[in-house]
Structures are given as C-alpha cells and as structure tokens.
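My questions all concern the structure below.
Chain nomenclature is as follows: A, B, C and D, assigned in order of appearance, with residue numbering initiated at 1 for each chain independently.
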Amino acid sequence: MKRVYVNEKWCLACHLCEYNCAFANSGQKDMAKALKNVKINPMVRLEDNGKISFAVSCRHCTDPICVKSCITGALTNDGGIIRVNKDKCVGCLTCILVCPYGAVVPAPDGSVIQKCELCTNNASGEPACVKGCPNGAIVFEER
Amino acid sequence: MPINYNVPEYAVVRDPDRCIACRVCERQCANEVHSYDPELNKMRSDETKCVNCHRCVALCPTHALKIVKNPDTFRINGLWDNETISDIYRQADTGGALLSSMGNPKKYPIYWDKILINASQVTNPSIDPLREPMETLTFLGKHPHTIERGENGEIKTDNLPPQLKLNVPIMFSAMSYGAISYNAHESLARAARELGTYYNTGEGGLHEDFYKYGPNTIVQVASGRFGVHKDYLNAGAAIEIKIGQGAKPGIGGHLTGAKIVGDISRTRMIPEGTEAISPAPHHDIYSIEDLRQLVYSLKEATDYKKPVIVKIAAVHNVAAIASGIARSGADIIAIDGFRGGTGAAPKRIRDNVGIPIELALAAVDERLRQEKIRNSVSIVAGGGIRNSADVLKAIALGADAVYIGTAALIALGCHLCRTCQTGRCNWGIATQRPDLVKRLNPDVGCGRLVNLVSAWQHEIMEMMGGMGINSIESLRGNRLMLRGVGLNEKELEILGIKHAGE
Amino acid sequence: MQKEGDVRIPSGCAISGIFSRSGKRISGESIVRSIAPMHDRSNGLGGGFAAYGIYPKQRGLYAFHVFYDSVRAKAECEKIITSNFDLSAAEKIPTRRIPEITDEPAIWRYFGLPFKKALEDAALDEREFVARFVMKVNTQVRGAYVFSSGKNMGVFKAVGFPEDVGRFYRLDEYEGYCWTAHGRYPTNTPGWWGGAHPFALLDYSVVHNGEISSYDANRRFIEMFGYKCTLLTDTEVITYIIDFLNRKKHLSLEEAAEVIAAPFWSEIGRMGEKDRAKYTYLRNMFSSLLITGPFSILLGYTGGMMALNDRLKLRSMVVGERGGMVYVASEECAIREVEPSLDRLWSPKGGEPVIITLNKGVEA
Amino acid sequence: MKYVIIGNSIAAAGCIEGIRSVDKAGDITVISDEPYHVYSRPLISYLICGKTDEERMKYRPGSFYKDNGVRALLGVKALKVDYKSKAVELDKGAPVSFDKLLFATGSRPFVPPMEGLESVKEKFTFMKLDDAKALMAAINKESRVLIIGAGLIGLKCAEGIYGRVKSITVVDMAGRILPSILDEDGSAMMEKHIESKGVRFILKDSVAKFEGSTAKLKSGKTVGFDIVVVAVGVRPNTQLAESIGCKAGRGITIDTHSATSLKDVYAAGDCCECYDISGGVTRVLAILPNAYMQGETAGINMAGGEKTFDKAIPMNAIGFFGLHIITAGSYDGAAYVKEGGGVYKKLVAKDNLLKGYILIGDVLRAGIYTSLIREKTPLDTIDFELIKEHPQLMAFKKDVRAEKLGGVK
C-alpha cells in the first residue's frame, strides 16, 4: 500500500506540510480564507530542533495498536488506511496512550480525536503534505 | 552612523488579505528580509536586504508575496541611471571594486535572436521525428588524416584518438565544488549520466563521492590546480585546461576562505580557511608552446586515453588563438562567450570584457576551415546558450556541441539574483551553508535537469526534421540553414550567413 | 537573375542510366529514348548526358569538354590548356541546329595529356594535376567552363529538355558501354548550360535527383580539401565527395556509400561487433560527409556505374536487368521504353548502393 | 473446526476477528448471558451523561456476527463445561460442542458485606449496560447519591450522573482517590479538581451501617442518601474455568498464546491474570486493550495460526470533568517529576528502562512513552533528557528515526 514516508535529510523545516494539511482538511476552497488568523491544528506535525526537522503523521501501521485499543470501535483499519469515526469517538484518548509515533491528536474542541487519513477524506486527492513539500522530504509511495 | 545613500533595489509587496502569517518566507530567507511580529500577528519585511531571489515568492502557499522593482528612483537621467549612481555610492562607501556574479546582464546585442532557422517546403520533404529516426549522437575529438587498412584490406578502426560520445550535443559547463554546492554537483553528475552526456568539475577538484560518475565527468585543470592529482586526471572521461572563462576573461578566481571548509578543503587539497586564489594566468603557460607542453603532460599522465579540452574566453582575436590551440595537440576547444556565468566576478570586468559567443564561434569555425584543421579538433560553444534554438543555431554556425551552465542552474531553481558571491543562496546552489545546501534535493534537481535537456533535445529534433535533416552532423556548420535579420553587412559576413530574403 | 554559383539552386529531376556489362557499345539514341518519357520531371531548364567508352581512339587521352561565353574566354582558357597539355586534337563538338535549343555558347573539346615537365614541376599525380587544372579554369577564367574532363568519356549538356539536348548533340552518332541522362527541374533560375547535369570531374560523372539538406555542411567540409564549389549544386558537391573518398581517401565505392548514406546509429547498434566498429568509425571519421535529405544519384566512372538513394529513400529509383544490360531510372517507364521485357526489376533500399561494373577482362 | 466463546465483550470480539484472520470457515459460537450485541462497557458512564447512545455503544457494527459467520447465543447462560466430551451445557437449549474453547467471562463487581445493605432499596453496581439502565431509571434531580469506592468505576459513575442528581458523595477506605493508577500527588491533584466540581469525598472511612436513608460511617460521620452505588472493585469470573481444572490464581492463568493449562482451552480479558512486563509480576490487568489483544491472540492460536502477546502492561487513558489522565506501567524506580500550571508529569525509570509514567493535563503524544515501556527501549540509546521534556521522536537516534518514518510497521 502507498504510504507517506519522511526523509529528514531533505526537510527544510518550512512547515508547509502543516499548513497544507490544515487547509486540505478545512473544507475551504481558498487557503487564505481557511487559515487567516487561525491557529492551525494539522494531522501532520513537524518536529524541529533548529537543526534537524521532520514531519510526523500516522504511519498507518499494518498491525495498528490504536485500532486494537480503541474502546468504542471508532478507529478502524479500512483496507490499510486507519480511519476514525468521529461520531463514535468519545475522546477517551486511549489511542494517544498507545500510538508509538504520537501521531494521533485531539480535535480542536478536545471532545474527539483526529488523525491523518491520507487525504482520502477530503478534496485533496493525494496527501496534501506530500503535494506541497518543496523538497521531496515527504513522499507518498509503495515500499 | 553614516548616511546610506542608496535606496533598496526592490520592494516586497505583501497582500494582507492573503498572508496567513505561516512564516514560510521568514524561515526560507537567508537574507533575513522577513520577520514575524507576534503582537500584531503580522509579517514584516526589511527590503534593504532583499536580493529578489524569489524563494519566498515561490514558497508562499497563498501567493501573498510579490517582489517588485522599487519605484523609488533618483532623478531620472539618461546618462546617470540609478544603477550607475548606486555603484558610485557603493564604491564611495567601501573604496572597493564592485563584486557581482552570473553572466553579463547588460543590453548588448543577442545575435541568437537575430538569426532565423530554415525549414523545408515542397522541393524537399521535412521529416517527422515521431516517425523517422532523428539522430543527435555526437562524437567530440580529433580525427586521423588517413585511413589505415589491415593486411586483408579491412579498415583499421583502432587509430582513432580518444573521443567523447554525447547522446545529445549539450554538456554541463564547468562549475566548481565550492562555487556551487555538493547537492548541485550531485544533481549535475547524475543528470549527465542519465542523459548520456558530461558535466564538468570546474577547478575545485572532484569530491570522492563523485568518482563513480567519472565516465560522465570532465575534470578541469585551472590556474589554481586545486584538487589536481593523477587519480583525479584519470577519474574523468576528459580533461579540460581552463585558460579563461567568459564572465571574467583575463583574471583568475577567488573563493574566500570562509567557503574552504570540510569536504571542500579536502577536495581542493588546501587547508581549511585559506583563500583559494586562482592566478590570472597559468604560471606555466606564458605562451602557446607552453600550452602544448601542458596538453601533452596531461596526455602522458593519462596514457593518451583522455581527450584534452582547452577552454578559453571569447576575446578579440579568438580565431587566431583557437587555431593555435588546435595545433597544440588539444582534441577539443571550448569557447566561452562574454555572457557566461560565474560564482563571483568584478562587475566591471563581467560587464565589459570579452565578445559575444555567436561571433566568436563563427569566426573560429571559419578560421579553422580556412586553415584546413577544422576536422582535427572539435568546438564546444558556451556562454549564453538559453534554449534549444540557441543550441541548434550554434551547431549550424559550426559548433560540435554546447556547454550550458546558467540554464542548468536555472533549472535547479536559480533566479539569477546575481549574489552568489554572498554565499547565501536561498536555492541551495551557490552556497555551502548546510541548512541552505539541503534545500536542493538531488533527486529533484537531477530530474529537472534531465527534463530540461530532454525537452531541448526533442525541440532540436523537431527543428531538424523541419529542415529535412535527420542527423545532427549534417547540421554542423550548415550555415545555409540560417538567415540574419536586422544585421549589418559586417555582422552577416562574420557570422557567414545571408540576410533573410536572400 | 542569379545563376548557379551566385546562389544555391535546389531542383527536382529525372535520371536514367544504361550499362552494358559485356562492354557492348550502345548508341546514344536509346538513352535519349529512355529519358524522354519522364518529360514532366524536367522543365526545359537543363538536360544532359554522360557517356563512357565513346572515344575509343583517344582512349588514353583526357577529353576536355568546354563552354565558352566569349572569344576572350576561349583564348584565355586555351592559353592555360596548351601550356599544360600536349594536345592531339582541338575541335568544336558537332551539334545539330534545332529550334528547341537556343543561346548556345561555343562548345569545344580537347584531347591530350599533361606535359611530363608540367607534372614534375607540380609534383602531383596526373589525375590530381588534371583536377586542379579544371578547378583553376572554372574558378579563374571568366566565361570558360570545363564540364567534362575524363578519359574515353564525355559529358553533353545544355539548357533544354533532355530529349532535345540529345538530338542537339547528335548522340545517335556516339556509342558507349555506359550512358547516364538527366532532366532538370530547377526551381528558381533560367538555367545555365554549365549548371545542367551531369556534373563531372575527371571520369566521375554524377546525375542526381533530389535536394540535399546537408549541403552547406558538406560543402564547407569538402572545401577544406582543395575543392571549390563554384555551382553550389548538390551534384557538384556529391561529385567532389565521391572523388575525395574514392580517389583521395582510397575508400571503395561501397565504403563511400556507407559514408554518404550511412546507416542509422540504431542499425549500427544492431550490427555484429566488427561491422559496428567499422560503421561507427566511418560515421565518426567523415561525419560531415553524411548526406541528408532526398537524393537519388547515378555515378558514372570508368568501367562502372553506381546507383544510390538517400537512407530514407526520399526519391524514387528503380533498377532493371536484362541479360548483360542494366537499367536505372527515376521511373520504371524510362526502362520499359528501351527494354520492355526485363529479367528482374527492383527498387533498391535507401542507402543501399547498386554497383554495376564491366565483366572481368572487358576493357573500358 | 468448532470454536466456542463464553462471553461476549471485547475479548470475545478480538477472538472472533483473530479466528477469522486465519480460518474463514470454522463454526464460531458465542454464548453470553447478556442479551446485547457486543458493546463497550467503559462507555456506560458516557451513556448516562448522554455523550453516546446504545446504538453508538456497539463495539462492532450491527452486522458483526453475520459478517463473521458467528452463531450468537445471547441471553443464554453457560452452566457447565464438559471437558471430556468437549461440550458446554446451557441454561436453555442443547449443549454446544467445541474443538477449541475460549473463556472470556470477564469479571463481576465485588460487593463487600456491609451491615444493613440488604435493607437499601436503591442500590447498584456499575459495570454492565443493565447496571447503567437501572441507575438511569432510578436517579432524578433530587437524588442524593452515595458512591462506595473512589476508583476508576466509582468516579466514572460520578462523572456520568453529575448534573443529573442533587449531590454525589464518594466514600473510600483508602486515603486517596484512583490509587490503582495514580501516585499520591496525582491523586491529590485529581481530588482537588473533582471536588471543585462539587463532588464530595470522604476518605480513610467506610460505611459501618445503613439505616434507612442514612449511612453511618466508621468515623461516626453520617451521610444521607437516596441511592447507593457500590464500586469497590471487581473479581475475575474464574469459576467455570476452574471447574474443569484450568489453573488460576486471582485470574485464570494464561501464557503468551492466551492458552490455559488445559489443551484446546484458552482464556482472555478481565477473567485472566497475565505477566506485566513493566512490574515483572503476574497480575490481573483488567483493561480493554489487553482484553482485545489477548482475545485476538487466543483466536489466532485457536485457529492454528501463530501469535504471541507478551507486551502486557497496565495502562489507562481516562478523563474526569475535562481533565485528562494517561498512565502506564509501574511506578517502582527513580522518578522524574514535573508539576505546575495544571499539569502533572512523572516518569519512572529503572535498570536503564522506562518503567512507567503518569501524565495529567498535558497528555499529547503519550504513546511515545508507552512504547518505550512496551518495547523495553534502553534509555541510553535515546536522548532521555530531551524526551523527558516532551514525548518526541527527535530523542531517538538518526537511524531509528529513519526506520520509524521511512519503514513499514
């Protein structure tokens, strides 16, 4: 299955992935309209210590412990893509407790969680973080 | 604090409705033009630092940025224009020679744009490159004068001096590791290998990682002799003696000690921090017969297995010089026109020394034919080749192949801001700052170079087909395929072409 | 109006050739009949013939055919000829007055050999000496033009349709073992007698149909080797290229053909190692002598004839055989006209030379 | 192949999915005395406060049994297991025979003997859907609710009914709340937070005697109440398993294949005890993720596949009144504590390993800590000082980062 892979060697710490993610999941057509004066809450997050940087988002594990630990069945493995059903989620954060990558984050209001679904749940088509990466540091491919 | 007499050259225009203060511009500008004001949650800019490299414009996700010429101007004056005045202020401030980079930006005539290409109509057919073979394979090197035969009469094929084989008559010209980054070099090397052509180390030596690209590498020997040793000479497919370069004929090079760090110092074989100064002349070449000695000592060092290129800047008596070089044992002559780029050059020299490659090339090709030695040496033209039409015109004027440098860098992202000398290249090309160098991912860079040259090759094939020519060698020196527009008799005579309509 | 030499003149054409392997000498009447049906392939601005074996009595001597525009030109030229050659004959070439052929220049022919002394002084072999003499006259003597300079062969050409030119030169009164003919269709000139085909140097004569796109690349290269392209026609440069490769570089005609109409690199890549090395070598050595664009040529030379198409075969050319006779023409009709029943008729591949020579032992 | 599962909660669901990942054909029978489609018990408090409903409480879609070809005997009690003839006797209908058997019998509330309790009309436990339904029916705006037990269940119950009743009082013998997952400071912090919402705690005390609607405490204090909820703890349901000779301690003994001491008999979930790799002790880890993973492990092995589950640790993610707690592992070792600004963090390290942690307030990316415990990552192979500040991948070595972000896990 095609997944998002990150090579920190080429990450420029420009943080565009975060903004493109936030935009792609905003449901808006215009980025300025979507993100102006908004504190973004993207599914992909950059770790950046000033020297090294890299983007982290859901790895879509083949043996996803978050799905197995979810107390409501809101997290499911949909043919390899790990999805969250926000209608079922009660925000217990057990997924945050178990995700070894720290790739699951609470939604802005904290009542449910949110995570990368490889932009299959929005209008971006292919993952927006990959599309917008200026230096090929994030790729979407079969490995 | 003294008065700053100069005004910023450019103005940063930021559309407040579009800017989302994502701070990409701030993070990406090595010149620190942009900054973020947390109180106002607004981006600010210090235009005095802007060199108009467009990095911020290219990366701004909401296209909120524009860099425009600063409308602020000194009193308009036909003779004393803004740049002229600013230069004087700058020199009055510093007392130094003005430094700049890349090629001559002045409004000298561009002969490529005054030459038009022919096409077939009725009397002979044009050829469709999509249906028929269209050959761009080119060999560079000497040719023997006589055909030798074995005892049973078969032609001997082993008396051919070493040659370079190019799938497309376009090579990447010399740019040293140090002047440009490791990743820029890797991009060029990998692209050359993929395209079946060559890149050129320039005078900075060959990084150990890149020996594997040797079969597609031309190693340069310049007046500084940086990084030159036997393995280096034997690592490449050919050796280029750099006498001069179009951007700064008659002077040497200077890579500041600041850039001589780590791998660069090791590759150049000079201590870290030392100024890498290439003398104006080779101090073992004060005359043409000295050149012959260097050519042959290099051939000796490489067992006569590598063609030797001699690269000169296009200067006034280039034709005579070229004929001397052709007789010096060189296999290939590279001529660099006055628009050739550089990582750093005194501005006055860049803008005022040398001659256009079009005229130099035409003069050299014609002169070598008059002296009946054109077939014993190949000609490579460089310095201001901008597109496939320029390539085709150069070959029709008489070049065997061309060197492209600036065009290649532009493909890699260069925006010709002409401040390479500062070492703060925001595109990761003309810099050694690790955080900037990493901005050029060779996977991306190589791909873009391959795309560029492949696209040019395709266009060249289309134009050749239109002329009814299906092999590049039938275009070489085929000046009847060219016509001039708006050129005077003298120019036409030197170019050896007729005027359109004739 | 500019004429050949002032400007490059592309032209379409008709060609035809007849060759007798047995050396049987055929009357010129049949070559005229052969070219006639292709009337529409020429436009009356040039026709001509080359004939081999027509001067058996002067077999050992060079036969120079010369056009003169003026008496002065004739005097000037003959001064050079007589000072270099021991002439055994100098005569007007017999012609027939016909209304279709007008404005003819003075047309003379000379038979002779270079003076020993002159050869020694020049320190050149005889053929090179003769070739240079021809270049000299054609480039330096205004109004004089040597259009034939081989032994026991001759070129006859004029402005007009080829069948008329044939009658004009009384070709029915000549007999040769090889004839080639040319009808011309120049696109922008009234035509000039010298500009008509065949073009000849020494005993090489070329008739050609086509317009080569590599012309100036070929010209500027070949001119490095003592040739001067005065007519700026394809035929001229092709003749020089063949002379250069065959006479000066000692390539066989097959090898010369492999240079002129070299196989594509893709084909060379598919060849066996030995061939690949050879073809790569030849293409590389003489890259500037590759001829691109359409051409079909008939090369006549002492004892043989070669037919060759460009490598894409952009011009028609067929070959027919009957017994010892070989026929080559732009169109089949030209062959059927003189030999209705053929043993074999085929259309040679592009770049594939067809070389016909006299049978062993037959003297040219 | 015939599979029988006694129990119908998370472990059972895990077992079914485990079996089907290997054996698409075998017969699966699920037996449960609860009449409901598989649901998530931890959600009952969310049900009461209206954050979910019965439909959304379903742990798997309504078509779950059909999709997996499961015969679900719901509302049917397994009375006895005949290990010799490999059959389960039911309270209604014919016995069900099996080749492989899973005990997923869970646990039951423990109700200690308290004087006068029998006289209390409105008394509840808080574990199953029916418990929640009964409690919901009983409470009203005027109810004074007394909860015995300040553990996870008691406090979740408190949160669930909060706002729907007049008052909530929580009594516990222990000196602090949530002792099973928090340390003293953590407990204190949570106690303050929950108290601030108006829940009353009476600690280090217990009911001596119920008299009508008053509870007399050992300390002499009295608490008036209308409703009592007993939530002092649970006991694993091991009887059935033990009756056929499965070894058991406090819970049914299983190995890393979820196999019991008897051939072809497996057990998973709250009814078991297993090895806690963080504490190095065998204990009952009655938490949902373990139940699923043990059930899945059992299912795969029952169906002839190979799967081991050997990373069991205690871990909890839970929130009370908007304040989140995430804890994992055990707290025996050298502690690093950071406190302040409504945030509490404690990391416990021992033998160059992270053993456990407590996060209150800021719980982001806690899983990175959890994985250090589960994967037994030697702390000298990472930048521990850095990771103490925040859970982050930056703390791992370059090649490890490359593997994490460039590999497939």
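Here is the rule we go by: a residue touches a chain if its C-beta (ideal position, glycine included) is under 8 Å from a C-beta of that chain, and two chains touch if they have at least 3 such contacts.
This one's a predicted model, so the numbers in the text were calculated from it and none came from an experiment.
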Most distant chain from subunit B by Cα centroid: D
Chain at the geometric heart of the assembly (C-alpha centres): B
Length of the line joining the C-alpha centres of subunit A and subunit C, rounded to whole Å: 79
Between subunit B and subunit C, centroid-to-centroid distance (C-alpha), Å: 47
Where subunit A and subunit D are represented by their mean Cα positions, the distance between them in whole Å: 29
Computed distance of Cα centres, subunit B from subunit A, in Å: 43
Residues of subunit C touching at least two other chains: none
Of all residues in subunit B, the ones touching two or more other chains: none
Complete list of chain pairs which touch one another: A-B, A-D, B-C
Subunit A residues within the subunit B interface of the complex: 9-10, 12-16, 19-20, 23, 31-32, 35-38, 51, 132, 134-137
Residue ranges of subunit B touching subunit C (in the complex, touch as defined): 120, 123-125, 127, 132-133, 135, 137, 139, 143-144, 146-147, 154-155, 157, 160, 163, 369, 372, 374-375, 467-471, 473-481
Subunit B residues touching subunit A - in the complex, by the definition given at the top: 17-20, 22-24, 27-28, 41, 58-59, 61-62, 64, 435, 438-441, 443-444
For the subunit A and subunit D complex, residues of the former touching the latter: 3, 5-8, 47, 49, 52, 54, 56, 59, 61-63, 65, 68-69, 71-73, 87-88, 90-102, 104-106, 110, 143
Subunit C - residues contacting subunit B, complex: 8, 10-12, 187, 210-218, 220-221, 223-225, 249-251, 255, 262, 264-266, 277-278, 280-285, 287-288, 290-294, 312, 314
